[in-house]
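Next come two complexes built around chain A: one with chain B, the other with chain C.
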Partner chain A sequence: MPEIIIDDKKFTYDTPGKVLPFILDHGMDLPFFCYHPSLSIPANCRQCLVEIGTPVFDRATNSFKTDENGEKVIQFFPKLMTACSQDMSDGMVVKTHVSSEKVRRAQKDTLEFILVNHPLDCPICDQAGECPLQIQTYKYGPEGSRFEYKKVHKPKRIQLGPRVVLDAERCINCTRCVRFTHEISKTYQLSIVSRGDKNYPSTANGKEFDDAYSLNTVDICPVGALTQADFRFKARVWEMNQTPSIDITNGKGTNVDLWVRDNLVLRLTPRHNPHVNDYWMPDSSREAYRLFNENRISRPEIKLDKELVKTSWNNAKETIAEIIEAHDTKEVLVLGSGYASVEENFVFNQFFTALGCGKASFVPHVVEGAGDGFLLTDDQAPNTKGCELLGFRAHTNRTFKNALAKATVVVVLAEDIVGRELANAEDLAGKTFVYFGTNNNTTSKDAQLVVPITCAAEHAASYVNVDGRIQRTFAAKETVYTSRATNLEMSTGRLDRFGTKFDNWRTDKNKVDCLPVWEFLSELAPRLNQTLSYETGKEVLTAVSSSVDAFAGVDYDKMDTEMGVVLSTPETEEKTA
Partner chain B sequence: MAIDFQNYKTLIIPQGGNLRDIKAYEKQGGYKALKTVFDARESAWTRENVINEVKTAGLRGRGGAGFNTGLKWSFMPKPDGGKRYLAANGDESEPGTFKDRVIFEFNPHLFIEGAIIGAYSIQADAVYVYIRGEYRSWIRFMEQAVADAYKAGYLGKNILGSGINIDMYVHSGAGAYICGEESSLMESLEGKRGYPRVKPPFPAQRGLWGRPTTINNIESLANVPLILNMGAAKYAEMGAKTHPGPVLYGISGHVNRPGVYEFPTGMLITDLIYNVAGGIRNGKKLKALVPGGSSTPILRADQIEGVSMDADSLRTAGSMMGTAGMSILDEDTDMVDFLYRISHFYHHESCGQCTPCREGTGWLEKILKKIKNGDGEMRDLDLLLDLTTQMEGRTVCALADAAAWPVRHTITRFRDEFEARCRKSVFAIA
Partner chain C sequence: MQINKIMSYTFDKEDLKQIDAIKAKYPTVQSATMPVLWYAQDKFGHVNAEVQHLVATTLDIPESHVHGVATFYTQYYKKEMGKYVLDVCTCFSCQVCGGYDMLHYIEDKLGIKAGETTPDGKFSIQEAECLGACGYAPMLQVTNDVYVNHLTKEKIDSMIDGLKEDKLPEYEEILPPQLISKD
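Right after this comes the complex of A and B.
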């Protein structure tokens, strides 16, 4: 097998790639800025310079030249080479800062240059704390600067588009943002303008940077030059905790991270998953943070004199029990939803069918033409496939109307049927309507009883994307009933770890008074002589995988280690065949 | 070996008036080489033979790097059915360089003829002629000349009944020195921002639009018909052995008769200054010489004794041939001012793609400005030298080297003048 020697250590490889990713993938460090694994390689930052040598080939003997010790004679390139653009070859010798003074010197030199015209405004820069420039400077930079002149001034606070703001002085001209619009989103909206040390990225004159994926440039910008308009100055990175999750705004199942401070989700960023979204996510998906924070239903609500008023959890349970007891369960319409997780739908269906209600159904939410063949799908819901695989009947708008007309009791899980115009107040008039939901909406307004349930940011639950891949969320926000301190699966940031409840940045006001569907129904079960009992989503999924064929063999550990699991559906079978 | 330059008959600069008119050029024997090649391409002038002829003639590129032109042509890969290109580099923007314009102005067809032969031998489908944007009128001359060559059947489909098709397009630059760097030139031709490309891949592997491409300087290509007309052996005997042929010397600065002069390579620098360009103006003494465009290392007057204009002799003397654009500086020249002006140019022209050049060129200029204004300190000189080390050989293209060399060599070769302008440092550089 071909081999490469890095800082006197020997490694073998199968497929030759570039030197930099090989170094990084093998647990070694090398500073870099412009390189990005999913973009072309311009080698323009010059931060990854290394010494490269290759064995000398002797044409006469048709073999590598060796010295008196039998070691291959290595010839080094006279110049330092950029590891990001250097192809590996058999017998290559690489010297990084670990073994080469020349490389250490070059790394310092380049950083000194980069910082010459950099404003060094880290204390007020959003990137501080997660800034590659900051990190590399601490690790590999010079102690000070020998630059004693006025820095070049460039445009600041430029609203490049509706969602992205540019501070050109912070830009280090790595061209990642430009390359993103050329190679990934293919809108070609950004280009570097001007020349030399006046360079900065911009759109064409009078054009907006309204790329549907524009915010990815903020993620990949190695400095604070590009910032997200509605996140700027909201939080320091170290104040937030970061929790892996799944995008719930369409059917792609884009892997994301939720960034939470004081139980508010402040931003979403893409999480690398080569099988789903690579390093990217659409701008529209980032809006989901509002869903997690704003307009949440907190505490159950019951209708009294046409007004919804807050009520106790006990009263909510009692009310449902009485509704069930007062009606023929055959007349109960149980509506699941592609907007809720597999676990929620499963338990919802299990509970009501056990009471004699018919099997849950759902109304897929597909908008033809909404997809773009990349990370936006026609499917608007994150778990349509999951409902299908649970065997829920998929209604058309018309069959749903008919079913609704026949029912006297309607229990709906997280589906905004009024907002989606599947039903209106008239259709619901005279029926007993119970709504299990996360956010206030036109549907919750028309319900007699509203049960607040946890959202994707508050529970661990799984969603099956359009390609049949099941992936899961982790609880990121505390509810009134959960605690970061006791739920070891919840991540903690600095403030969570070192703060006390007396700190003024910690409040309880952002905790929502809601319960996971499975927990609420488990509590309700004894009242209706049922035995249902689940404490966690993990338990529910175990039940799902042992009772529904499509989910056989799936559990949270497998999803976690394999970045999601492709379920064996008829479509996926066909694809692999 | 002294060259009998007094009796030299110019080959590139027309002897009898302007040859812009295609008829006039043909009357002087123009397009004879092209016709011979296309007539005899089955037998004598196969593509390999043309390439070998140019290779053995020893023609070295006149664009700055001095690479053997025929050898460069031989790097083109075997045809795979796709497009292949020849790009002719007429961007000449390096301070002190103004020789290609003489070809555009007086002998454009000589270049066109050479380019067609070049395109034929590397099997290119098209030639792109990239001309410095400021050369407004010469661009127009070139466009006219190319149109005339099409009309005469030297360009276009089925050239001279050979079945070979070659197109030629004239393309104007937009005022960026960096677009003379070959890979940046290709980006510019593709309609993109003039950012040099990382090499490898080299242009012969992936050039214009990802296809095999060769880039040659205008003057290099203008030499090709001369080689075929006189034969490689005779050409190789002209001027310096390892760097033969006629060269356009662009002489500027403090001489009595600045201008573009054609002579063989290997001319003594002293001959060029005193006998060709009329000596230093106002009877002053020579102080220094920049032999081949502003990036080539400066030589003090005492370093040019017996040095001739060719790669080997100049290397021994501590400089380079570059483009043979010679800037002559007299004894009154303020070296600090001179170097500041050059650094200003490179700062202004750095494309800004890579860090050491983008930031280094500006920093160099700022320090030199400070020294020029009398605010410099001794430690600034060492800092300048340090910065050149930090720039050289660490960038995507050679502009950073071009910016660093003048600083390094002007300071080391005229250190006393720089020190005289600087105060003693109170503290050392970090």
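Right after this comes the complex of A and C.
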């Protein structure tokens, strides 16, 4: 197997590749700015310079030259090489800053040049704390600057597009954003304009940077030049905690991280998953933070005199029990939803079928033409596939209307049936309508009883994407009934760990008074002489995998270690066959 | 100048034929960006945003690319310029030989600052970086064309008088020092 010697240590490799990713993949450090594993390699930042040498091959003897000790003679390139663009070859010797003074000096000098015109506004810069330039200057940079002159001034606070703001002075012209629009989103909207120390990335002549994936450029920007208009100045990165999750705004199941401070989701960023979304996510998915934070239903609500008023959880349970007891269970329409997780749908269905109601159904939400073949899908719901695999009947809008007309009691999980125009207030008039939902909407307004349930940011639950891959969320926000201190699966940030309720820079106010569906129904079960007892999504999924064939062998640990599991559905079987 | 103002930016049949000929010279259309920008600048006198858009749509390449190329080179004029653009070099060699004196003299003479155009649309002044004629400093270039070397106030006077009558300065042949006879 070919080998490569890095800082006097021998490594073997079996797949050819570049030196920089190999170094990074083996736990060593090498600073870089412009390199990105999913983009082309321009080698323009010059930060990953290393000394590289190769063994000298003697054509006359058809063997490698050796010195008097029998060691291969290594000939070094006369100049430093960029590790990101250098292919590995057998016997190659690489010296990084660990073993080469020359490399240490090069890193320091490159940084000094990069910083010549970089403003020292880290204290007010959004990137501070997660800024490669800041981190690498601490680690490898010069201690001061010898540049005592006025820095070049460039455009600041330029609204490049609806979601991206440019500060050209901070830009180090790594061209990652330009390459992203050329190679990944293929809109070609950005280009480096002007030249020399005056250049910066921009759109053509004031055109809008309205790429559907524009915010990825903010993520890959190694400095604070591109920032998210929505998130600017909301929080310092070290004040937030970061929780892995799944995008719930379409059927792709893009892997995301939720960034939470004071129990508000402040931003979503893509999480690398080579099987689903690579390093990217669509801009529309980042809007999900509004769903998690805004307009939430908190505490059960009951309709009195055409007006929804807050009520107690006990009253909510009692009301549902009375509704069930007062009606023939055959007249109950149980509607699951692609907007709710596998666990929620499963328990919802299990509870009501045990009472004698018919099997839950759902109405798929597909908007033809909304998908783009990349990370946007026609399917608007994150778990349509999950509902199908649970064996729910998929209604068309028409069959749903018929089913609705026949029912006297309607129990809906998460689906905004009025907002989606599947039903209107008249269709629901005269029926007893119970809504399990996360957000206030036109549907919750028409309900007799509203049960607030946890959203994807508040519980651990799984979703099956359009390709049949089941992936799961983690609880990121506390509800009134959960706590980071006791739920060890929840991540904690510095504020969570070290803040107290007496600090005026943090608050406990943003907790929503809601319960996971499985917990609420487990509490309700004894009242209706049922046995149902689930405490966590994990328990529910265990029940799902043991009772539904498509989910056999799936559990949270497997999903976590394998970045989601492809379920054996007819379609996926076909693909692998 | 007067013509440019009423002109809408379009390429006519003849232009498109020329552009096709330019495109045929290169393996990719993108390579034709520069010559087509030149062609457009010759036709319209400048390559402002609209012209860049025209070039991009004509070549069917991203407008951002055309914009990037146009802004990279100072020789492409991104706004309407005077009929004669005086690029006065103020880079190192010209600077130490009096480049700024010459620039300021021209500014005072024409009553405009560098980067501006005279109201009659005749002259624009630009401060240029090195034009590669350090041996003949200080110097200037007229509209991406003739170099005027070894500038003096008198030389500038006669050059501007000539340009006012649309007479371009003569090309100057300057021999390297070793070939100039000492006597």
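Methods note: the second predicted complex is superposed on the first by the 577 of 577 C-alpha atoms of A that agree within 3 Å, B and C clash if a C-alpha of one lies under 4 Å from a C-alpha of the other, contacts with A are read in each partner's own complex, and residues count from 1 in each chain.
Basically, contacts are C-beta pairs under 8 Å (C-beta built on N, C-alpha and C of every residue); 3 or more make two chains touch, one makes a residue touch a chain.
Every value quoted in this text rests on a predicted model; they were computed, and no experiment measured them.
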Q.
Looking at the superposed three-chain arrangement on chain A, would you call chain B and chain C a clash or a fit?
A. clash
Q) Of the partners chain B and chain C, which touch A:Thr203 in the superposed model: first, second, both, neither? A) second
Q) Is A:Gln189 in contact with chain B, with chain C, with both, or with neither (first, second, both, neither)? A) second
Q.
Tell me which partner touches more residues of chain A in the superposed arrangement, chain B or chain C.
A. B
Q: Would you sort A:Leu266 into first (chain B), second (chain C), both or neither based on which partner it touches?
A: neither
Q | Contacts of A:Tyr149 with chain B and chain C, given as first, second, both or neither | A | first
Q.
Tell me the contact category for A:Cys171 with respect to chain B and chain C: first, second, both or neither.
A. neither
Q) Touch check for A:Ala235: first (chain B), second (chain C), both, or neither? A) neither
(Q) I need the one stretch of chain B that runs into chain C once the two models are overlaid. Options are 188-196, 296-304 or 314-322. (A) 188-196
Q: Please write out, lowest number first, the residues of chain A touched by both chain B and chain C across the two complexes.
A: 191-192, 194-195, 199
Q. For the complex, which residues does chain C have touching chain A?
A. 49, 52-53, 56, 62-68, 71-73
Q: Please name which positions on chain A make contact with chain B in the complex.
A: 41-47, 49, 78-80, 82, 85, 106, 109-110, 112-114, 116-117, 142-147, 149, 152, 172-173, 175, 191-192, 194-199
(Q) Which residues of chain A touch chain C once you look at their complex with the stated criterion? (A) 181, 188-195, 199, 202-207
Q. So in the complex, which bits of chain B are touching chain A?
A. 176, 193, 195, 198, 347-356, 358-363, 366-367, 370, 383, 390, 393-396, 429-430
